[in-house]
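Several structures are given next for inspection.
There are two complexes below, and they share subunit A, which is joined by subunit B in the first and by subunit C in the second.
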Partner chain A sequence: MIPFDLTYHRPSSISEAVQLFEQIQKQGKTPLYYNGGTEIITLSRLNLVFADAVIDIKHIPECRVLDRKQNELTLGAALSLTTIEEANPFPLLAKAASEVADHTARNQITLGGNVCGQIFYRETVLPLLLADCDVVIAGKSGLRQHSIHEVFDQHIRLEPGEFLVQIKVDPIYTTMPHIHIKRRKQGNVGYPLVTVSMIKKERDLRVAFSGVCPFPFRSQAVEEQLNARHLPIETRIVRALQQLPEPILDDVEGSAEYRLFVLKNILTDMLIALEEG
Partner chain B sequence: MIGKSVIRKEAWDKVTGRAKYTHDYLETGMLHAKLVISPYAHARIREIDTKKAFSIPGVRAVITGEGLPLTGEDLRDRPPIAFEKVRYHGEVVAVVVADTLVQAEQAARLVRVVYDPLPAVGSPREALEEGAPLIHERLGSYQKGKYTYPEPNTNIAHRTKIRKGNMKKGWMESDVVVEASFSFSPSDHIAMETRCATAEILPDGNIVIVASTQSPFMVKRLISAYFGEDVGKIVVRTPLVGGAYGGKAPVQLELLAYLASKAVGGRKVSVWNTREQDMITSPVHIGLEATVKLGCTTDGYIKAAEILFLFDGGAYSDKAIDVTRAAATDCTGPYHIENVWCDSLCVYTNHPYASPFRSFGHCEQAFAIERTIDLLAEKLNMDKLELRMKNAIRPGHTTPTQVLLNQSNVGNLPACIRRLYELIQWDEWQRIEIDARTVRAKGVSCSWKTSTIDTDASSGAIITFNPDGSVNLMSGVVEIGTGTKTILAQILAEKLKMDINDVHVKMEIDTQSTPEHWKTVASRGTFMGGRAVLEAADDVIRQLKDIAACILRAPIEDLEVGYGKVFLRDDPSIYIPIKDIAYGYKYPNGNAVGGQIIGRGNYILRHLTPLDKETGAGKPGPEWTVCAHAVEIEFDKRDCTYKIIKAVSVIDVGKVLNFKAALGQVMGAMSMGLSFASRETFLFDQYERVLNPQFRTYQPIRFGEHPEYIADFIETPQIDAPYGARGVGEHGLIGMPAALANALSIAAEVPLNQLPLFPELIWRTKKGEQYDSF
Partner chain C sequence: MIRAPKCEMTLMVNGEKHSIVARQADTLLFVLRNYLGLTGSKPGCLNGDCGACTVLIDGTPIKSCMILAIETIGKSITTIEGLHDAPIQRAFVEQFAFQCGYCTPGFIMNAHALTEHRPDADDETIRKWLESNICRCTSYREIEQAVKSVLAEGQKQE
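Let's look at the complex of A and B:
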């Protein structure tokens, strides 16, 4: 149960949504953009999220786009993870999406919500980081489009009142060799112990991680070490893991030592598969 | 009728979503309670300030722990609301009652409690260390049952001792000895329906409780005992229960609902657990630290067993005392051992308090024993099933509490083992390397269980008729999802030789009109409820024959009841329909004789005795169900991950009463056992706070992750049971943790003596805590 009163708003256009946000904020209230809502609902029960008003952006046409053009794949932020799995416009993303939560939850969880969420795994962002995609953001001054690397650093960096509208992916990335491996503490559903996404662009490997640090990331330093092909795989992995941005997570999902062990094995399997493949 | 897979009576209501549970009965005008719980595992309560809570509109009362009596079934150590100090993370410190649940929750957040944290005790061994913080300083002053033995100035709530034979002789005769220690932390039951209750005190003084409970009759007795209310004024109603597994045997929220209603002038108040509170505030699945030492001859006959169980009973003893006693009762597992020493302790810690968990101390105990049996087999270099077969308990042997066994009360374990042997193709392979990384292994275990319930527990049944000759059956067994009410209907239909569709079962319990069934626990519903139903059926048959004898002008001895009629045994064409006599017989001239036929039946356990304080000698239950189990796994040697391929249980059920219901019970129990063994545990921080009271991080097994389940039955009748059937509600679970641990230990080639068996645990054990650092 949500233990506070809130108003629900369902704008039908981007500008209406942005205006609503501003209006509500001007009244001294706290608005939140609402997409799938799974996180807002479950965290507000626990008093970890608060809002006076939620602005549901799922009904804005631009947020629902799934458009495959020859030179651009556009994915609306309100597409559910199961929609992405079923349409499969970007197999690595579909795979990452299919491993999040459980099927019932994925019917509700949206791409935008997973990328922008508070819960720090945000696993669908891994393929997006690897594909150097663009993000379309709506705000007071209209739409702006940026490389994901400019707005996503550990988490999405949005100005107050802004929301994620679309993701734009260059289709060449959707056909590259790739692997996505998610390992949990136990079983097939749940948060990651470690999740790794990897693609091979020409000769170079790109890699992004979730569950390793308390945020998802792609690191140039890590990739450089992994791509040092003159060295044996094991050495490259050891060196790559020395480049992690923060000490490895140590929490209820698993200890730091165990995560390292798992990570090393996953990277070994991935390197062998993609370099030989 | 017996053995047929009759669809359970409440199935249509359940599959269409129309079945109603306690929290579905909402009423306008009903008030709602919200529990304020402790964020600390052990702390003194310095101050509770409720003023701010009253600033929320609709708040009617805020109840705190002052002046309340202590509660507890065997030992009264628990205030219903914490007073002066809190002893576990999640303990109730205040109850807020308001017009709506939202208001109650808003107000609950404004109750300010100031705590002085105390050092917390995180395990039984820690609790027993010299100088450990005392969790109950006044343990010696608590009111207790005659057979409860707390040890004041320690953290020991109760100790059960088993002393059988001569240990010195046992060790003398032993050529090979193994000893090992085992442990796991508390976890939870995770019933789909969280625990809840409503209470209302009517102007005439009647107290009406509606609760999701396995023990409606105990709720009534305990409210009377704790609060001095007239027992006859307390009415407890229990509709369908959405899973219980022992977690709904203790009485907790019912007391809070009663107190809440009392605080608001008797208005109806609902108390309902959120999932998080259900996991930690209400009682949990017990934890254990155990050490087992077994000695045997070179040819594999076990001669001595020394067993120490240190159960993590948590902050309050309540039902945990009984659980630890039950584990002691069957401490050796189903093996013939002449010399046994066992101490089973119910130890206080600052963890959530424990309650029964499906199998009542047995899956816990079996994990330790069956792992040790495997270690013994390895040391002897003997086949693991052969060692079990050699020592299997048989008629003529005695149990740890010195009960002499016969075929009726113990069944046939060797037959279970033989069937298991075939089902898992034991002789083909036990460990097989599939490729460089993958290995498959089979682990086995045996188990047994008796019921260890109160020696004077009883069950009653009432049968009434409808004008068409169909019957209504009322039994105090709660329908907790086991389908027992349907089984009772089958027993009655068989006895009255009538169509199962003509047996109407009253699903809800109302303690005012339903005859008592002690508690719906311990796989006792079919045995005790069944015996009561059979007696009630005999009563009905006698009454029907009495009146039919007059009308048919035939001696009672010549009459038979069945197929809706009372008929002459030698000439069934002479009969009277039951419908014509069930409400009295009316002669053509209007005169009537007889009257409503109401059948009554009762069963009380016989010849049970409490355990002797010094030796444990005594008869805990009427019969044992014996079982043999196996688990086959596929293990990845590099990653230490695994898949459970197959799980098998062979159970001597005496007689299968409803084949598919029995399969369902056994498979469900196996699933629960594997879930517990492979992934369910509370994780505690250094202050003993539960880190994962949520499904995000506490993940039971899911559909799709299950192995192939195989359940098979041996039928050695228990002579005094309805149609020979033994209890079977829990037994599929008992051997699962041990069988899984045995399989993984064989696959990983290291002894795995802790639960749950996360890949990380296996990895750590293999590494011997030494790991590469990069």
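Let's look at the complex of A and C:
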């Protein structure tokens, strides 16, 4: 039960959505773009999210695109995670998507909702960071396309009134050797203790993390240490973990020491598999 | 809590049109139970975790506590009351796939969708789908057997 009232809007175009947002805001009210809606409903119950109006972008055709062209894969922000899992246009992303929440929840959770979410795991962003994808963002001045690295730093940086429309991936990244490992404290459903995504581009490894710090990230400094092949794997991992952007999380999901232990083991397994494979 | 704004919405539930006036912030679960008297979908965690409130929307299992009723306008909603002697219902009885029964409607809706959409589901697929629901009496083994018995029956008939 959402403990406050709101109005629900279902625009059928990008411009209509953006105009609605502006109009509602001009009335002194708080609009929110609404995709799968699961996080908004969940956090509303806890009074962690408030909105006077929600603008459902699921019915905007551009947000529902799943288009595989020879030189570009386009994924709409309103695609559900099970749609991505079943269509499997980018196996590493499909794997990451398939590990979020549970199957029924993934029928509703969208790619855009997961990437832009307030809950900090946002695990589908890991493959997108590794693939240097582009993001298409809608706002007052129309559509803009940027590298994900320009707009995603710990979380997506959108201007007021903007929303994520699409993600564009270079298909070369969809066929690279990869591994995605999510370790939970217990069970097969739920938030991670640690999640790591890795791809091998030619000889270089790229790696992105969730559950290690209170935000998902990919770090050039970490990758440089992991790719120092003249050193033994164990040394490379120790040095890489000295480059983390923040101290390791220490919370109810797991202590920092335990996370570090799990992380070292995951990285060892990944390096062995991708370098020898 | 301020009780506005409400609006009229027409929902297609179990093949019948229902026009109601409800809050735009009301979840589908709330509307099903409190406006339409369809109490088969159960409130459990109300947080999208337990699956007791699972219904089908255009044939896809969805947790009705995690979707606004107003979002489902124009879609076809099926609740446990809309299933009539479906193979999975019989299988739950035959396999003793419940104890207290509270989670059963949600499990049945999810399992029904699984048997309809994935008649060739392997063990891994069955496990993945059933992870969406929680049974505190731990009837998991029997529930899995119920699903497998329906799938086996369907494969026999092909």
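FYI, the second predicted complex is superposed on the first by the 277 of 277 C-alpha atoms of A that agree within 3 Å, B and C clash if a C-alpha of one lies under 4 Å from a C-alpha of the other, contacts with A are read in each partner's own complex, and residues count from 1 in each chain.
The rule is short, and it goes like this: a contact is a pair of C-beta atoms (placed from the backbone, for glycine too) under 8 Å apart; a residue touches a chain by one contact, two chains touch by 3 or more.
Values in this document were obtained by computation on a predicted structure and should not be read as measured data.
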**Message:** Quick check on the superposed pair: does A:S255 touch subunit B, subunit C, both, or neither? Answer first, second, both or neither.
**Reply:** first
**Message:** Going by the contact rule set out at the top, does A:G37 touch subunit B (first), subunit C (second), both, or neither?
**Reply:** second
**Asked** Touching A:N47, do we find subunit B (first), subunit C (second), both, or neither?
**Response** first
**Asked** Where does A:D56 make contact in the superposed view: on subunit B (first), on subunit C (second), on both, or on neither?
**Response** second
**Request:** Once the structures are superposed on A, label A:V189 by its partner contacts, choosing first (subunit B), second (subunit C), both or neither.
**Result:** both
**Message:** Looking at A:D102 after the superposition, I want to know if it touches subunit B, subunit C, both of them or none. Which is it: first, second, both, neither?
**Reply:** both
**Request:** Scan A:T7 for contacts with subunit B and subunit C and give back first, second, both or neither.
**Result:** second
**Message:** From the superposed pair, tell me which subunit A residues show up as contacts to subunit B and also as contacts to subunit C.
**Reply:** 1, 3-4, 45, 102, 188-189
**Message:** List the residues on subunit C that touch subunit A in their complex, please.
**Reply:** 1-5, 23-27, 30, 46-48, 51, 54, 60-63, 65-68, 70-71, 110, 127-129, 131-133
**Complete:** In the complex, the residues of subunit A that touch subunit B are 1, 3-4, 45-47, 102, 183, 185-191, 238, 241-242, 252-255, 257-258, 260-262, 264-265
**subunit A-facing residues of subunit B, complex** = 101-102, 105-106, 109, 274, 276, 638-639, 641, 678-679, 683, 691-692, 696-697, 699, 701-702, 704-705, 756, 758-760, 763-764, 771-774
**Complex contact set, residues of subunit A against subunit C** = 1-8, 37-38, 41-42, 45, 54, 56, 98, 101-105, 107-108, 188-189
